[in-house]
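Same chain, two partners: chain A is paired with chain B first, then with chain C.
So, the complex of A and B:
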């Protein structure tokens, strides 16, 4: 309980501050409030723009791939990789193309590079998701590379390829990462 | 062990509840093997508050809020809420940071460690060995006179600050103001419905407050008192409940490879959890226990919680957190720095003679 003038003044200030809080918060449509509110939307728009840009940049590769001109698609990817060296999308497309060409261990390695750079490719909720393709490759990898490694247990490149497959399996299994 | 002692059953009930809800929250939407993980949840919360920019790790986990508020409510109801503190505040803040570093390198807190084991994730075995080793080391320290300064009752009600902060976080969770960020992809976008998560958190916070349930505390008591310690039975009940529910829900997948959110850098899993075990005993509880103690008015535990929030942000921003690919050099350096910190603190806080 307030005992003297200072106590009473402090108590009044406390009540005043608490009472003013909801009034200030209710003024959400102030310019500062709107700036805060835009943060999530801005982020969503930036992501959509990024997805569109990726689709546009890599469209020639996808066309070549769909036409079955796989070596040309790989060449085009190499060109783009010089322009966008840290872009996961190129690695994922390369994984798909190498998978179609039957080079399983290289396809897995490309997927690993892509997923390490951006885990959205194994995420169902992302428009970039290639989860089902990566899942299929990982399952095939466990079977084929695992069987080869049983035959040649000393083979280091097979061991490295299996490690890559297991990385993909772990990412596909989910978890908090 | 006295089966007529009510406290024994409180500890066992808290363990059962933690194990059951730890699995069920995953079934209801939380990430695999992460139904409850204090360090993952802290990283999510730090991201939601804009303290790091990993867009896949941003969500105000209601369980975390529930732990603190449930403990506060239960402590108030039992007239156990007491504002206290003043024991080596800054070292505790740094201990909170290093707790998150150790957890980040292992990929999970001690609760998640046992949830991972109960789901068949054998990569967590090295972490479990590390946690035991860390607790053992700390017990040796305690018996050698290592103890942080004693607490005292505090004027000014600083014990209310952390419960109030988490009450504010609850308001943020419900009102979702624009400056609070929520992931739309990634593990933070996987969550149970918030009233369910909050309810589970409140229940667990209350049960843990009543029983003093603590993962590292249970291990410490096992070293000190053997099987007479109640906390050991709480820990056993936790693992048994999680194991049975995983088996019942088809979530038990034994193996080393392809486990969710796990890596096979066993040495660093061992060291990361070793750091967590040692630090936790030194400051009087695992990350979960720190939240519960902060809820019942312990301002020292409150500072650990603030440290954990800061540490969680650093773990994400600096790339300390391990991934399925393994542990980064920064993560390894972080663990070593943590060991240097705990060793130095043990030297400086040791009462000799």
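So, the complex of A and C:
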């Protein structure tokens, strides 16, 4: 028990400190949470900015594609590929256009290049997702290339093309690189 | 000085084996590869001499590079001059149908890999934006046996209800070498209203900065068809054909060959991306086009 004024003052200070501790700790927690939240927000903003930039850069190709001017879309894409050779979006668009033009093996090869660079294209939740188009091409590949390979099992090009198809199927099924 | 019998025998045998070895090296079998001249004889040599040397090194025989004019190819092949051929896909079909040429490997180049397409183009801003509008216009085609510079576009017009013989003001084929480039430049510079342009040439010219995709419009495009093709004469040893095929399919961008003291990258010199093993049925779209256009090997008189 406090015996004099100093003891009483010290005891009061201790009680005050103990009472203030939860408030201080809660404050620190919320500041750390805010910092984490800021980072997540920054990541989301960067991703959205990237998606927007890709849309803008590849808009001329998508316009030509939507107008059915597929050869011109490919030529424009080739021009962009020289500027951005490692950009997955270009490979994915190329796969889509080549598929529409009937070049199945090349479409599959382009999708493989794109998915290897960025798996978001097979992720349902990504705004970049082209999962359904890739799935359709892979299914067609199994059917057409698989049938030819049964007839010509020694054909090395068909075997390589089917390997590409199987890579896409594995990524679509959630497999890793 | 030793003059014993065994020593003399040793000398004679050594000399015999040395000479026999030299003899074997000098007498490697020789085979001719007939290369259809693409744009010019010089360009064809620059592209395919390193590849010919690479094949000789890989297969262990001496291949001889023979540039051949497209119009003379069939006659010279028929005479048995070539063990192997490198031609466009229409010439492959002609030689396959008439002389049972065997498919060895198909060239990979450009966006469609082993295939490409033919297109009909007009200059951007010329007012011609649709295929129907080419009636009454001046048109240029590539060489007559070019699958994607003549056959594909002629077929595309017929299938679209346009008869090139009646519905155009007139059409012509430029003379001399580099015909495909000439027709494309001809359209861009206003010499012709429209032209038959191989998509591959548009791709290559755009990549080299000679043209820009915005400068022209594609009015129509043919289905994609195989492009340049290696074939083997029926009489060529199957083991040799198999070795050539393997060497072509295994070609990588790093492969080199020595020519006139220079070591060259084979694929880079040839301007191609590699080779693939297509099936003969992949050439059926060419056959269908040739039938519709009544061109060899299905021409009617």
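Going forward, the second predicted complex is superposed on the first by the 139 of 177 C-alpha atoms of A that agree within 3 Å, B and C clash if a C-alpha of one lies under 4 Å from a C-alpha of the other, contacts with A are read in each partner's own complex, and residues count from 1 in each chain.
Criterion: a residue touches a chain if its C-beta (ideal position, glycine included) is under 8 Å from a C-beta of that chain, and two chains touch if they have at least 3 such contacts.
What you see is a predicted model, and the numbers here were worked out from it, not measured in a lab.
Residue contacts after overlaying the shared chain place A:50 against neither chain B nor chain C.
After overlaying the two complexes on the shared chain, residue contacts for A:136 are found with neither chain B nor chain C.
After overlaying the two complexes on the shared chain, residue contacts for A:156 are found with chain C alone; chain B is out of touch. In the superposed pair of complexes, A:173 makes contact with chain B only, with no contact to chain C. In the superposed model, A:100 makes contact with neither chain B nor chain C. In the superposed model, A:78 makes contact with chain C only, not with chain B. Overlaid on A, the two complexes show chain B and chain C touching no common residue of chain A. Contact residues of chain A toward chain B in the complex are 33, 35-40, 43-44, 112, 116, 119-120, 123, 125-126, 166-167, 169-177. If you check the complex, the residues on chain B that touch chain A are 31-34, 37, 40, 43, 55-56, 107-108, 112, 177-179, 181-182, 184-187, 189-190, 257-264, 321, 323-325.
The touching residues of chain C, when paired with chain A in their complex, are 111-113, 115, 117, 119, 199, 202-203, 206-207, 212-213, 217-218, 221, 223-224, 249, 276-279.
Of all residues in chain A, only 69-72, 74-76, 78-79, 82, 94, 98, 101-103, 105-106, 109, 148, 152, 155-158 touch chain C in the complex they form.
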